[in-house]
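Chain lettering (A, B, C and D) follows the sequence in which the chains are written, and residue indices restart at 1 in each chain.
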């Protein structure tokens, strides 16, 4: 295992340990299918918020989930440790309550330090899986 | 159901109720296949504009659809209520007229308050479905 | 057919006819598979640059294609008429020469008026098709 | 082969040879499946960072890979020659060590000159392949 030297002078003066990204992210698309095919858990249908924290401080993250015909739920609280990535499945969020299946939703992700968020869905309802992924929309400073 | 307290002090001073996002969004890709496989309606081929309104005011949205060889159609009018998401299928737009099938199109989405728009397509023309999704292009201030 | 009134006062002062978007776009991913399955032309594997010109003036577009081990080719010239979309398949570009198959490439799209560009690929090499799509990277002002 | 004239006056004053893009890019999603179906190498499951360097100077690129429960690895060093694209498979990175399979990761890409980065995954674990692609997040100036 080759560790990065956190005290090394980065190329071009780019200091990754200061934390790359933004503090507010929006994923307008969300849907957890209620059924799956294929071996679990890798092939279980899931929605994932992939978060990267390049900084030296842990990121305390609050996720709020919005619906089409009900009040928002949240915040769900997760931590992305310093210099770590967290690929958080919405399927696994349980507190304050599980995210309902077969229901359209959207989410807002707020962090106390800069992070980068990418949204991925594996849909295994049919024999062939479908994948989608897109960078979330960085909303700080754009509201 | 745990409701968010709209009067609570948000983390880091981020006030979601002020409305995150932009007011003009562009989806340059659009195509509704004329045929589908699989159980409807979940597996019906569809194009969707996923819109999130985190603010306290309803969003009045106008969608204009552009074509390769005909004048644009619109506006289609939809409302995204305060603190709600709307996953609007282009298949379901009927006024002023249905969006033609098997035809290339593009769309512009204009809202009177900030929203976030993500574009998703489920293509079920063949036995295995394909999914795509991408954040729409925020065009206000870039025209 | 309901035409938009180009002289109408747009909601929120958004004048789509001024032309939304940017003038320089980059698609770093490109690959045209050499083989396909399924009925042509809808199911022929293809790479597409979906371009939307909301403005009142025709967009004169120049596409330059870059490779991993050869000099760039171009410009390919296409026109996106005023208030029209053009979903240009890279498969169909022939002048100055066809885009080679089974070859990694990337492309830069420069327009004389603002447009929006989205990149889509249908990959039908196997029985089940795969779709991808993403908004191109707007590079003007970011160089 | 039609070469571009690097001394030609570009349309609208856009000088591609100055180098389009940014110098810091983030891909928060990463996962190399451990198994594949279909003919190799085209159909081998892979994660790719598609990089385009439109400029006249070679781009010296450093890739750092982050994990959920281990320290980051890197930098991996690659060069994107002037006026070339490089579609770098994470599968093929070996120095300082291969990227582990079946493991969530994320990556940061730092270049000494502007480039554009797009992220693509081909997932061929099941009979039908899945593709995803998205422009990476440009993080310079946003940290």
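We take it that a contact is a pair of C-beta atoms (placed from the backbone, for glycine too) under 8 Å apart; a residue touches a chain by one contact, two chains touch by 3 or more.
Every value quoted in this text rests on a predicted model; they were computed, and no experiment measured them.
Chemist: Please tell me whether the contact surfaces of chain B and chain C are same or different in residue numbering, using the over-half criterion.
Modeler: Different: when the shared numbers are divided by all numbers used, the fraction is under half.
Chemist: Can you work out the rotation angle that lays chain A over chain D using Cα coordinates, in steps of 5 degrees?
Modeler: The superposition gives an angle of 90 degrees.
Chemist: Between chain A and chain B, what is the gap in Å from one C-alpha centre to the other?
Modeler: A distance of 21 Å separates the two centres.
Chemist: Cα centroid separation between chain A and chain C, in whole Å?
Modeler: 29
Chemist: Pull out every residue in chain A that's touching 2 or more other chains.
Modeler: Within chain A, residues 127-128, 130-135 contact more than one other chain.
Chemist: Across the complex, what residues on chain A touch chain D?
Modeler: 1-4, 10-12, 14-16, 18-22, 38, 42-43, 48, 50-52, 54, 83-87, 114, 116-118, 120, 122, 127-135, 138
Chemist: Which part of chain C faces chain D closely enough to touch in the complex?
Modeler: Contacts found on chain C: 23-24, 26-31, 60, 62, 64, 66-75, 96-97, 102, 104-106, 108, 110, 112, 119, 121, 123, 125-128, 130-137, 139-140, 142-143.
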